[in-house]
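By written order: A, B, C and D. Residues from 1 in each chain.
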Amino acid sequence: MSRPALEARGLMKQFGALLATDSVSFALQPGARQALIGPNGAGKTTLINLLTGVIKPTEGHVVLNGQDVTAVSASERVRLGLSRTFQINQLFPHLTPIESLGLAISERNRSGADFWRVAGTRAAIVAEIEDLITRFGLEADMDVPTHRLAYGKQRLLEIALALATRPRVLLLDEPAAGVPEEERQDILAALAALPAEVAILLIEHDMDLVFTFATRISVLVAGRLLTEGDPETIAKDERVRAVYLGEDGHG
Amino acid sequence: MSGASSAVARRIEAHLARRRRWRAIEIVFWLAALGTILAFPSRAALINEIVIAGLFALSLDLILGLAGIVSLGQAAFLGVGAYAAAILASKDLGDPTLGLAVGALAAGALGFVTAPLLLRGADLARLMVTLGVSLMLGELANRSAWLTGGADGLNFSMSPVLGLFPIGFTGQRNAALYSFVVLFVLFALARRLRQSPFGLALAAIRENRLRAGALGIATGWRIVAIYTVSAAYAGAAGALLAQTTQIVSLDLFDFHRSADGLLMLIIGGAGYLYGGIIGAAMFIVLRDVISAATPEYWEFWIGLLLVALVLVGRERLRDIVLSRAALVWPKAAGRGAA
Amino acid sequence: MTARTSTLCVALAALLAASPALADDNSVTIGMILPMTGPSASTGKQEKAGAELYLQQHGDTVAGKTIVLAVKDDTGAADVTKRLAQDLVANDHAAALMGFGLTPLALAAAPIATEAKVPEIVTAAATASITEKSPFIVRTSFTLPQASAPMAQWALNNGVKKVVTIVTDYGPGVDAEKWFGETFEKGGGTIVERIRAPLKNPDFAPFLQRVADDKPDAVFVFVPSGFGSVFMKQFVERGLDKAGVKLIGTGDVTDDDQLADIGDAALGAVTAHHYSAAHDSPENKAFVAAFEKANAGMRPNFMAVAAYDGMDLVYRALEKTKGDASGPALLAAMKGMSWTSPRGPVSIDPETRDIVQNIYVRKVEKTDGALYNVEFATIPDVKDPYKAGKH
Amino acid sequence: MLTILFDGVAYGMLLFVLASGLSVTLGLMNFINLAHGAFAMVGGYVTALLMERLGAPFLVTLPAAFLVPAILGIVLERTLYRRLYGASPLDQVLFTIGLVLMAMPIADYWLGAEARQVHLPDWLSGSLSLYGVGISRYRLFIVGVCGAIAAALQIFLVRTRFGAQLRAAVDDARVANGLGIDVDRIFAITFAVGSGLAGLGGALAADVVGGVDPSFPLKFLVAMLIVVTIGGSNGILGALFGALLLGVLDVAGKYYIPSIGAFIIYGVMVATLIVRPQGLFSRGDGR
């Protein structure tokens, strides 16, 4: 196996007296399907923010494809191939899906500062938008302002947007959160169809989703990495059952 | 255009290109504006003021409407553009078009230098920093009386545009046409910019700065860029104002200039580029009519209008107008607010 | 946008088309441009009231013409003044422009007066050089050298040796400082310090503190109409009156508009000016009475009388041209015109088109329970010394 | 030298009283009220007119100069302002500029364009000499009154139950409501106090600035905003320090280096905001 796609080395984050993240180290291999679970308040969001560069760690390093990106800005990390989705939709309410995706693609191929060419007049960009739209089944709503989309469709757009940056590592923050039952299947299908070469870290509460999707699971408790392993091992782990699985009534 | 293969691709192309073509109503708008200048030569001075105020409000639309940034200091750029053009003219240097370029560049440069001040702090801090900068510049102009004429202002005469069209009192229609041409060219540029990837990125920053950053957009630099462009537009408006009135005075830097520009933009509606021009026309014509009737108390009515506008709700007002428009002009309703 | 645009276009066109004032051939429009809102609004009010009083007293018909007075608010902004002047000339066919509250505003309209050959009657702005900016400018107010130089002469004659000058830092202030200073020093006096206060400055305390430290015999002051009261009060607050420092200046600082309300702080201030509401003449008594009656007791100041005289000048000129309202004819008629104003005998200098008038030295005193500038010396027929020196 | 320092403190205190109401509404309630100066104007007029028309003594008019704008504030708050609490800063700015534009012609129409003076009683006029330092009596009075107001406000906001309720209401109106705090009432009272303080400031300032006239609401708007911005969102103390800093720098600047006097306050503000966008004395949370 080559070097990890994303690596955390001894990440620490202190907010005043609170130690939100306590020496977390793990590695995400290229093409991995890994899940990060943990009870509420375990520090999952803080960890994501540390990885994506929204906040800077008190100690430790983030390494992306072998490059130490601890000091690199969030938007620059995106260009280096680290992308994410948000637990609460972070979309552009008055832009259409086509525009949102076109924007993300232009930004990726560095034509985003172009102020002369009309957006979307390049065939390559149109083709890529088309690819993403069809892959996520957004054809019917693609020219409607995002805020008018059904919630499930918005969740799909959330993932499509992250994918438009062509990441090598994708952090999915509770992609199914709040999606009504009848639209869940679309999300699951979309996750299953994600490009195999992209390393994915799934942060999720929904254990069904975690156990169908992930081949490896990390458990975060109180800012520390409690354990890590394949789904069967985790499911059997007494400590995990005690702090986490028991709460949700999962067996 | 490439021949897109699938139906979906064609729809995508059509969707992205939908605003590129000038719609009939837009062409009517500009022809009507031109027609107004030609039809009312005796009101050329008023129309000229509207055109310039429209350009100034357009410059505000670039930052407020496109990027969602509030400023109370746009007068700084108006003043710098005006004084740059005025100083050039008072030294008998070159054609008005040169003064226009210098005014816009000077203001743009100032915008570029002060833009980083916008990147920190909340809206209030932004309002105050921009206001502070413009007041400081006003004081600087006051103190540099050897160059700017200080509190007495600067009077000068202007050579004809391109050596052909005099723009003094005898050529007042030329002046309005000159301003109109500049407004149209800069508007077309702004229209283009709004549809470009850069314009889309600004929309993204305005709509959701967090996500814009998460898509790899360097939000800070984009804001600096649009602020610089906006400053240059305001500078051009200032240069036009100086050249067509052939006087500059310190009140160009005043708080009320920025506030008036903001009012015009809001009256006309921010974000679709025509708002500033329409708002300027409404504001100035209204002010002219009301203040002719009651020169002491016209401010009251403008204030009342403003209060009503906010209480009824700008958004709601616009929705009402759009839904009406939908009856007359079905396509307009689909435009959304982007 | 669409519905809005079309309604707007119709409305705009209607407004633009409808606005030319009922212009029949027999009417003569006088465009009066004044700051009616903003910090100089009180100047505008006095001027407008003065002009309207004249119309009311003399009717709107002269030499067979109907006079239309169109008052416009320029908010004190020069580019607006210019636009309004252009509009009045081009659209309302104004035969004369009048008003102009501040020097930059008067200068803004000068090129239009020249190009359109329309007389510009300056009834407020007082920088000496204004009338040189266009051969069509005529002035009925005053110039600062006209009032400052006599003030210096009076000070010299009355034992004042050391003076600090405080002026507002713009055209008129610089004029006042220069002409007072030159005259005073030529006569053997000493100017200890020349202070210029910024135009936008409600607090004179730091500057007056400098005066207190300098301990002069007198302080000479020019502040624009409206700033007089704050200056006076802070002068007393610093204890400068008790320290024996005389307050002298041009009449702006003891403006009649404010004097009644300034209070006893103003008592004893000596100023030189061309008009006081207390001027003792039948013309003035009638003027003041009529003005106060028409304006709810507001006392007329030198702005009101200048606007009143501006109207008077137009009427007299129209009579002389027998109704010919063309600019050059009016201008020719105005040059050399002389008449008796509420302020005393005045005339228009045919060479400089500036006003020639008496300058009075006055002292603030309490008469009939109210404060007035009581005149006690007259310097007759003063020409503007700035231009007189050139000719 | 000491006189200048004292004048600066007095000027700063005056700025503080003018701006303290604004710092309450802006800093605590997050409402950008550009019409604040209009309330100051009302206070100034109340004092001037009571003295002129009814011959009321100066001191007696001061409570009225607080109460009238405060009542006006409550009325406007209940009818108009409250609709805009959640609105964008832009809407608040436009709305309150609209109110200013309406207030000025109303004052002009009723009371005329010329400035109305406040006549100080004899015991407040002139100056006295303390150890050779010339001190204006009225400025001394201002320092005393304003200092007392600052202290009272600080106690009111920090020590009283009302203050705690207000802070809770500002932090999260829904939670505060849930705790049984009458948020509407708290905001109305706070707004009234802010307006009343503006009025009192207007009445106290009238003598120093040459009377009250219809352009008063705009004349001091910028200075008041600067005080609040420099002071930061930490309520009263920030505004007090901001005002004193500005007052001293402004007066000293005009005395020692008159040629650049007017630059100083703008320069200080911009520099402050560059270094600390939340103001000098902020709570540190970026709002």
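The definition used in the following text is that a contact is a pair of C-beta atoms (placed from the backbone, for glycine too) under 8 Å apart; a residue touches a chain by one contact, two chains touch by 3 or more.
Here the structure is a predicted model, which is why all the values come from computation and not from measurement.
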{"item": "Number of steps on the shortest touching-chain route linking chain B and chain C", "value": "1"}
Chains partitioned by contact, chain B not counted: A | C, D
{"item": "Chain pair showing more contacts of the two, B-D and A-B", "value": "A-B"}
{"item": "Of all other chains, the one whose Cα centre sits farthest from chain B", "value": "A"}
{"item": "Centre-most chain [mean C-alpha coordinates]", "value": "B"}
{"item": "Centroid spacing, where centroids are CA-atom means, of chain B and chain D in whole angstrom", "value": "34"}
{"item": "Rounded Å distance between chain A and chain C, as computed from the means of their C-alpha atoms", "value": "73"}
{"item": "Chain centre separation (chain A, chain D; CA means) in Å", "value": "50"}
{"item": "Distance from the mean Cα position of chain B to that of chain A, given in whole angstrom", "value": "41"}
{"item": "Contacts with two or more other chains, residues of chain C listed in rising order", "value": "37, 41, 44-45, 198"}
{"item": "Residues of chain D whose C-beta touches two or more other chains", "value": "104-105, 108, 113, 262"}
{"item": "Pairs of chains satisfying the touch condition", "value": "A-B, B-C, B-D, C-D"}
{"item": "Chain A to chain B touching residues, read off their complex", "value": "52, 73-76, 78-79, 83-84, 86, 90-96, 98-100, 102-104, 106-108, 111-121, 123, 126-127, 129-130, 133-134, 139, 142-143, 145, 161-162, 164-165"}
{"item": "Complex contacts: residues of chain B adjacent to chain A", "value": "1-2, 4, 6, 8-9, 11-13, 15-17, 20, 192-193, 195-201, 203-204, 207-208, 210-219, 222, 225, 336-338"}
{"item": "Chain D partner contacts - residues on chain B that touch it in the complex", "value": "64, 70, 72, 117, 120-125, 127-129, 131-133, 135-136, 139-140, 142-143, 255-256, 259, 262-263, 266, 296-300, 302-307, 309-311, 314"}
{"item": "Complex contact set, residues of chain C against chain D", "value": "37-39, 41-42, 44-45, 195-198, 200-203, 205-207, 209-210, 212, 226-227, 229-231, 233-234, 236-239, 242, 257-258, 261-263, 298"}
{"item": "Residues of chain C defined as touching chain B within the complex", "value": "1-5, 8-9, 11-13, 15-17, 19-20, 34, 36-37, 41, 44-45, 48, 70-73, 76-79, 82-83, 86-87, 89-91, 103-104, 107-108, 110-112, 115-116, 127, 133, 169-171, 198-199"}
